[in-house]
Amino acid sequence: MRELLEAVADGSLSPAAAEAELKGYVTGEAGRFDAARDQRRGVPEAIFAEGKSVSQVVALAETALETTGRALLTRVSDQQFAALEDYVDETAPNATVHRHSDAVRVTAADYEPPSLEATVGITTGGTVDEAVADEAEAVCLDAGATVDRFDDVGVAALSRMLDQLERFRGADVLIVAAGREGALPTVIAGLVDTPVIGVPVSSGYGYGGDGEAALAGMLQSCTVLSVVNVDAGFVAGAQATLIARAIAAARE
Amino acid sequence: MRELLEAVADGSLSPAAAEAELKGYVTGEAGRFDAARDQRRGVPEAIFAEGKSVSQVVALAETALETTGRALLTRVSDQQFAALEDYVDETAPNATVHRHSDAVRVTAADYEPPSLEATVGITTGGTVDEAVADEAEAVCLDAGATVDRFDDVGVAALSRMLDQLERFRGADVLIVAAGREGALPTVIAGLVDTPVIGVPVSSGYGYGGDGEAALAGMLQSCTVLSVVNVDAGFVAGAQATLIARAIAAARE
Amino acid sequence: MRELLEAVADGSLSPAAAEAELKGYVTGEAGRFDAARDQRRGVPEAIFAEGKSVSQVVALAETALETTGRALLTRVSDQQFAALEDYVDETAPNATVHRHSDAVRVTAADYEPPSLEATVGITTGGTVDEAVADEAEAVCLDAGATVDRFDDVGVAALSRMLDQLERFRGADVLIVAAGREGALPTVIAGLVDTPVIGVPVSSGYGYGGDGEAALAGMLQSCTVLSVVNVDAGFVAGAQATLIARAIAAARE
Amino acid sequence: MRELLEAVADGSLSPAAAEAELKGYVTGEAGRFDAARDQRRGVPEAIFAEGKSVSQVVALAETALETTGRALLTRVSDQQFAALEDYVDETAPNATVHRHSDAVRVTAADYEPPSLEATVGITTGGTVDEAVADEAEAVCLDAGATVDRFDDVGVAALSRMLDQLERFRGADVLIVAAGREGALPTVIAGLVDTPVIGVPVSSGYGYGGDGEAALAGMLQSCTVLSVVNVDAGFVAGAQATLIARAIAAARE
Amino acid sequence: MRELLEAVADGSLSPAAAEAELKGYVTGEAGRFDAARDQRRGVPEAIFAEGKSVSQVVALAETALETTGRALLTRVSDQQFAALEDYVDETAPNATVHRHSDAVRVTAADYEPPSLEATVGITTGGTVDEAVADEAEAVCLDAGATVDRFDDVGVAALSRMLDQLERFRGADVLIVAAGREGALPTVIAGLVDTPVIGVPVSSGYGYGGDGEAALAGMLQSCTVLSVVNVDAGFVAGAQATLIARAIAAARE
Amino acid sequence: MRELLEAVADGSLSPAAAEAELKGYVTGEAGRFDAARDQRRGVPEAIFAEGKSVSQVVALAETALETTGRALLTRVSDQQFAALEDYVDETAPNATVHRHSDAVRVTAADYEPPSLEATVGITTGGTVDEAVADEAEAVCLDAGATVDRFDDVGVAALSRMLDQLERFRGADVLIVAAGREGALPTVIAGLVDTPVIGVPVSSGYGYGGDGEAALAGMLQSCTVLSVVNVDAGFVAGAQATLIARAIAAARE
Amino acid sequence: MRELLEAVADGSLSPAAAEAELKGYVTGEAGRFDAARDQRRGVPEAIFAEGKSVSQVVALAETALETTGRALLTRVSDQQFAALEDYVDETAPNATVHRHSDAVRVTAADYEPPSLEATVGITTGGTVDEAVADEAEAVCLDAGATVDRFDDVGVAALSRMLDQLERFRGADVLIVAAGREGALPTVIAGLVDTPVIGVPVSSGYGYGGDGEAALAGMLQSCTVLSVVNVDAGFVAGAQATLIARAIAAARE
Amino acid sequence: MRELLEAVADGSLSPAAAEAELKGYVTGEAGRFDAARDQRRGVPEAIFAEGKSVSQVVALAETALETTGRALLTRVSDQQFAALEDYVDETAPNATVHRHSDAVRVTAADYEPPSLEATVGITTGGTVDEAVADEAEAVCLDAGATVDRFDDVGVAALSRMLDQLERFRGADVLIVAAGREGALPTVIAGLVDTPVIGVPVSSGYGYGGDGEAALAGMLQSCTVLSVVNVDAGFVAGAQATLIARAIAAARE
């Protein structure tokens, strides 16, 4: 404790980082950041940017960087992204910013990324599903998993999917994002012995549109799937990460 | 007209058959029977037995037999079926009664069945879909189409379906009945150039159960399908019959 | 194979067209185009433009033209349309661009359109249903079917519809687009022996609005209909095309 | 007041009837009966029998007879009906009991029924709609209106309906009960200048079943209708009665 | 016929008016106008402006004026209204334009408005319901009924409503528009013997918002109401007009 | 601790009561009973009997009696009630059993009931709402509150409700149970300054039936209400009890 | 009366204030203001600004200030707020304007605020819930209650919530606002003996988004809660105020 | 192949087992059994007994035993279970039958069960969730995983759950079954770094009942969960098994 306070006093530790160490969370103007989540839950707290102001997003990213050496943001608008880049350019020019459609990863220059000896396969039915898959991919990469990604293998042309079968089988866990009728995870899961996480995507129109048919179809699947909410790329990626971590730990 | 009335007078034509000829429909105690539907619509009126009393069902079947030489009934309970058999045994012992799960066809002894030079393929995802497919089959057979039937080819074990591909391609029109997530019509329709009619089946439980996921999935299908309501085997069979009739007529 | 590669080498065949011939699909930046769909499925892959960027739409149209000699696009915005016209003006000034409300057909100068000896009747309840019917019409014309089109025959003034009865009866297959309560396909299908495909249109407000009442009404129809999803003009047109193709083939 | 109490004292007026006169309602064991509703609202309180015990139903009918000279009950089960008949046989053998499917009217021997110079037309799409129409008819007859009833004129065979057009036009107000897609009130209302009240009936299955499609279709109707809830025959009959009363009053 | 054609020839009758007289409807570029609806249905066709282009709206109004001497438009945007005013100013400066929130009535200078000896009461729960009530009022006024209007009598302060009871009782038919929980028509209908038409209004938020609770509440009402769809002021006004016409005719 | 164990040893304390004292909950065969809930939450755990076997219900009641001196059960079937009575007759003949429709209170002979100086008003719209109100009443009585109960004051006859206004105003907190359109809590809450808790009741049929309209209407109420789920009489009673307790405590 | 009119005559009382005194409500151009609501209902009428024009909002605020000395507005847009500030600056520069996210309180310079000896605890799950909680807080402060506010204690990091347990227990009544799965009120209510009012917040996406999961979860809670509609901060605050008033009155 | 046929010929291999080896599936009267599923998918095909006849269930169990040495059945009724026991007693008296509420495992006497070095934790909120958890447990045990089971830890009494935290942390993967508001998986998943699979249970009543609130709440969870459909214990168990297998394989 004394050590910690002295580190704050001499400036080698920010007050936020010290609070994080002591209480697990940091209280800032834009809300509390759960700095201990990675230790406790196995995946770090992500900053859900939608509906937050530009300055709230930047402030939360700042807290995340300060206390955990990285930040993961989802549903980031172009305007929020620009502000984030500006902030990083000004205050941490050596940090790295990765964009995955609407998800963003920022890593401090001195951050040592984790590495998991496990592969997450991520696949999509069509172009429209890619942003959701990108969000899932960002989480897995952030955790140090290897990601094997293959897009546009929807069931309307079955051979496109069957061509990839060996790669599907090679992954430790599979994330399958699909909109419209959402049949892809069912068809794939019938052919492999890997855990499959289905992610319904909010495409489609009319009855069952906005991902409802896909969600219902995945929940009703006649094979074995677990499912996350419509467009919940982050949750799928985090759940796959937890499974990959367990497998990687068992491999050690 | 005179001829018709004389036929009624001498008993060679029943009053019901005469009314049917004159007005197109027959008014009985159990309601009106649309005896002209086959001529006008291309498929005969079927008697929907659910919710009707045993005597209403028998009376309507009697009218149908009298005016069109055959009767097609759907959603017939065991009790209604027994009464129907009794009625036929007593009054028309030479008539034939065919049962297709809950659908029933009765044909008078002197009825000359039509014959269509066209094949309707009917397939199901699993055991639970068979009664609905049977209802569709009854309509097609009643119209004289050839039916090619193959059951239990659901997508959870894709090879069972791929084994049947040539037979699917050989049909002039395909009816695909599937419950749960209802992916089967989509997967088949992506592989054949035949018109496919999807029939959602009211299996499944929880969210999207009772055929909702299957209906939504077929309406959202990323390939080309037309769809009928949940469990609407009759409608699927009748629509396939209309298509088969058009093809058969073009073949003549 | 050797021949094909030599054609690529001497520039008489584009790499995309060669890939299409070899694998059935072409992988471009904007996703995969299923060039073999017409052969396999009987209708070509259409490019669903909604939610795609202008450059993705143009790139996909380019691939479709290169590999199949034509392109069919649906839900094209004004901005996307302008870009498409510019692209065609610059690179293929002899190609033809047809607009059908939000659907667009592009045909290369040397493309020989198919021709089907069959007629698809397309009708609407009111002005608001016309764009959906136009989308269906584009698909049928693309496939070479004859289209007989009559608009604004809604049931609120029944005589407008009864006036057209003979034309309805003359078609080989009928597409009926209707919003609000969607009663038109039911009323027409009760009077003709043609297969009828109902297309619910997302008009209406309050309970059952946005096409829900129309979809439910068509699925519940007391006559024989098959149905596509709300506003799914493309699916209706493609299904009608498959039926028309089967009839035309039988006529040969 | 004094007069009333003396009538109670000498037994020429029951306490219930006296309470009804003084307060408008009567409080019994089975709940309160709103004896003044006919005067205030123009239609008497009906006793909704579903979910009530046999003795509650009989007690409420007794109160209604005592205070208004008649009773109108809806959704009466066979068991409740038998008990009601027994009660009437024992206590008021000269009273009359009319059954209209699940609705029942009881009139005391000395009750002078009202008479309205107005006609309510009541029509149905099919056999399954008749019980609901019967409930509506019971209310209209109870109020003394003339009822013109014609069943089974559904739109699947349009000529059955067009045959009745003059009778539809002859009514002062029309009740149209229809299940499945519920198109009948729309088609009729497009042809007559009479107020039409649509009653959706809980027939149908799958999507839009149990009267949902019919309700939605009537609310979305492209012509002019007002609507009551699914199976609400009583409400339709009572609303038609209020309109018929206003017209009859204007005729005087 | 000859007369009519001569009138067209000498310019005293427009071709549209002649077509209207001969066929009942007029076919223009913006669709068909049902000029005979007033004679057949008792209320004229209204032009639903939402979703139509400015020029379509003006063209339809022109046809209505030409063939029936007046035009009634609903859901008119500010831009559409401005164009309509411009059109009237230029081509028919003596015509009159009345605006009722989003509804508009235009009457030609030489149009003789009908007059009905009957009163429609129109009332609202709060400020937010007034535009819907205005739409209903426009229809009633167009038909020549007397309108008695009283706003803002919602049940949260019951005395505001009870103060108006005598006026409610004085109307021949009542339209009650209410959003949120929609209790107002129930409370009023329990107190008067007039037919009441409930109009749910799309106010409210959260569960049951957008008029759903109001619609459900009116359909479930424990008193007698008939109902139109959410925000369907036109339908309520037209139905009230049909009732008022029947009463006025009986008064003659 | 020692004391407690000695009490167990000498039989003056049951093991269950001892476990309850030590851990707060008791683990039996039929599940855990939260014996400390009353202390922690202010209302005791009630035993929800629906879906439990007769022996589970009796075992849980036994544990509740043993550890808290009373038991409160809801949704008790006739069969479960009979078994409960038998159990009490055999093992605790001096205990008292109170039935409130489907709710049951059992109190040990030596149980000293609490007493709150506060009144809960409980009212219903009609006969069908009474069982739900009885469940609420059981909870309030169990906690020692005074209950002022008045039934059958529904809004269809407003005077029945206005007659009770002073009694409504006299309560400290009001529970209003109503089905169908559920307008009663809104109308009452507009007239009193007491906290009102609305309980929707699962009556009604068609759209908005089974309590949906009532729930939606109460949540949308234009006055101030808080709400519990459909038929949740227990929750309403427990929430009213918590409020009554706070008021009674303040009165001390 | 005479006194009142003389006060109006000599200008010491505005006509609006006089009307409020005489009738309870004031009729202005923007609708009626229920000036007697505070006396009758215990909470003043709030002005729901959403959907109202700037001038309507200002006019209603003016009436509220004139007749009750304060105004409470909810769902105020930035533009409406600016106009309100301008109005106050010009006409009542000594009045005070408090903003609580989208809720606004205005108090006249000479207004003597009430004071309640009771504490309302208000808590939120996360940043996104704060605006709804602010609306609730505005009502409680307006009524003179003490508010104890603590934000961002969501269940994903349980210790953040457990840290506040003593403060939760110190409040007389608790408002808990939570979106997403809405588990927070359940977890808190299981730990305290205070009445808890749950407010679902319209956050979340996909199935159960927009507050639906939170509302459903709170209604299904396995502990004791009463609930208001999604985002209904005003209702929660007003209900808590009524409870706080009752407790404060009992304390006197 | 030859070897296999000889084994059939000499009776050491049943025809069904031979067909299973050759084609992967066995076609019997009760449908096809996917004997290769365990090899291909990692979990064996389970027999869903609901809706199947007693003889179909027995026949499928027979096929499963014959081809895979064991059978796993779900949703088995008492009558089906009795028939299954009779069948086993008669034909395979040394086989073992395990019942887990409605799930049943049968293992042949010579079947060598697999063993996984991994632990699946299974927990429930309350008594009502146990049957669903039992179904999940049956699958895990069938696959040879260690199951750590703890029931009745619902959030209404948080300490019951916190007491088990270390056991939750000790599992490799966690299944959490909960009905009503379904908050339990969220609360647990916030505290452990194990993958958590939520299973909504169809308890609850009113809005969000039958597992809807639980499903929605789990999909909206503010922590990381994947989810299966309502009551889908089998799917949860199978998905947990696939994860446990991957971890166990990595441990080898």
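In this document, chain identifiers A, B, C, D, E, F, G and H correspond to the written order of the chains, with residue numbering beginning at 1 in each.
The working rule: a contact is a pair of C-beta atoms (placed from the backbone, for glycine too) under 8 Å apart; a residue touches a chain by one contact, two chains touch by 3 or more.
Just so we're clear, the structure is a prediction, and the values are computed from it rather than from any experiment.
*Asks:* Just tell me the minimum hop count from chain B to chain E, counting one hop per pair of touching chains.
*Replies:* Steps on the shortest route: 2.
*Asks:* Going by the contact rule set out at the top, which chains touch both chain B and chain G?
*Replies:* A chain counts here if it touches both chain B and chain G, which gives A, H.
*Asks:* Where each step is a move between two chains that touch, what is the least number of such steps from chain D to chain E?
*Replies:* The least step count works out to 1.
*Asks:* I'd like the Å distance between the centres of chain C and chain D, where a centre is the mean of that chain's Cα atoms.
*Replies:* Chain C and chain D have C-alpha centres separated by 50 Å.
*Asks:* Quick one: report the Å distance separating chain A from chain H, using the average Cα coordinate of each chain.
*Replies:* The mean C-alpha positions of chain A and chain H differ by 30 Å.
*Asks:* Between chain C and chain G, what is the separation of their C-alpha centroids in Å?
*Replies:* 54
*Asks:* In chain D, which residues are in touch with two or more of the other chains?
*Replies:* 40, 126, 156-157, 190-191, 206-209, 212, 215, 219-221, 223, 229, 232
*Asks:* Name the touching chain pairs, would you?
*Replies:* A-B, A-C, A-G, A-H, B-C, B-D, B-H, C-D, C-E, D-E, D-F, E-F, E-G, F-G, F-H, G-H
*Asks:* Which residues of chain H touch chain G in the complex?
*Replies:* Contacts found on chain H: 125-126, 154-158, 180-183, 186-187, 190-191, 204, 206-209, 212-223.
*Asks:* Where on chain A does chain G make contact in their complex?
*Replies:* For chain A paired with chain G, touching residues are 24-25, 27, 30-32, 34, 36-37, 40, 51-52, 56, 200, 202, 211-212, 215, 229-232.
*Asks:* Name, in rising order, each residue of chain G that touches chain F in their complex.
*Replies:* On the chain G side, the touching residues are 40-43, 172-173, 189-195, 197, 215, 219-221, 223-229, 232, 235-236, 238-239, 242-243, 245-248, 250-251.
*Asks:* Within their complex, state which residues of chain G touch chain A.
*Replies:* The contact residues of chain G facing chain A are 126-128, 151-152, 156-157, 159-160, 203, 205-209.
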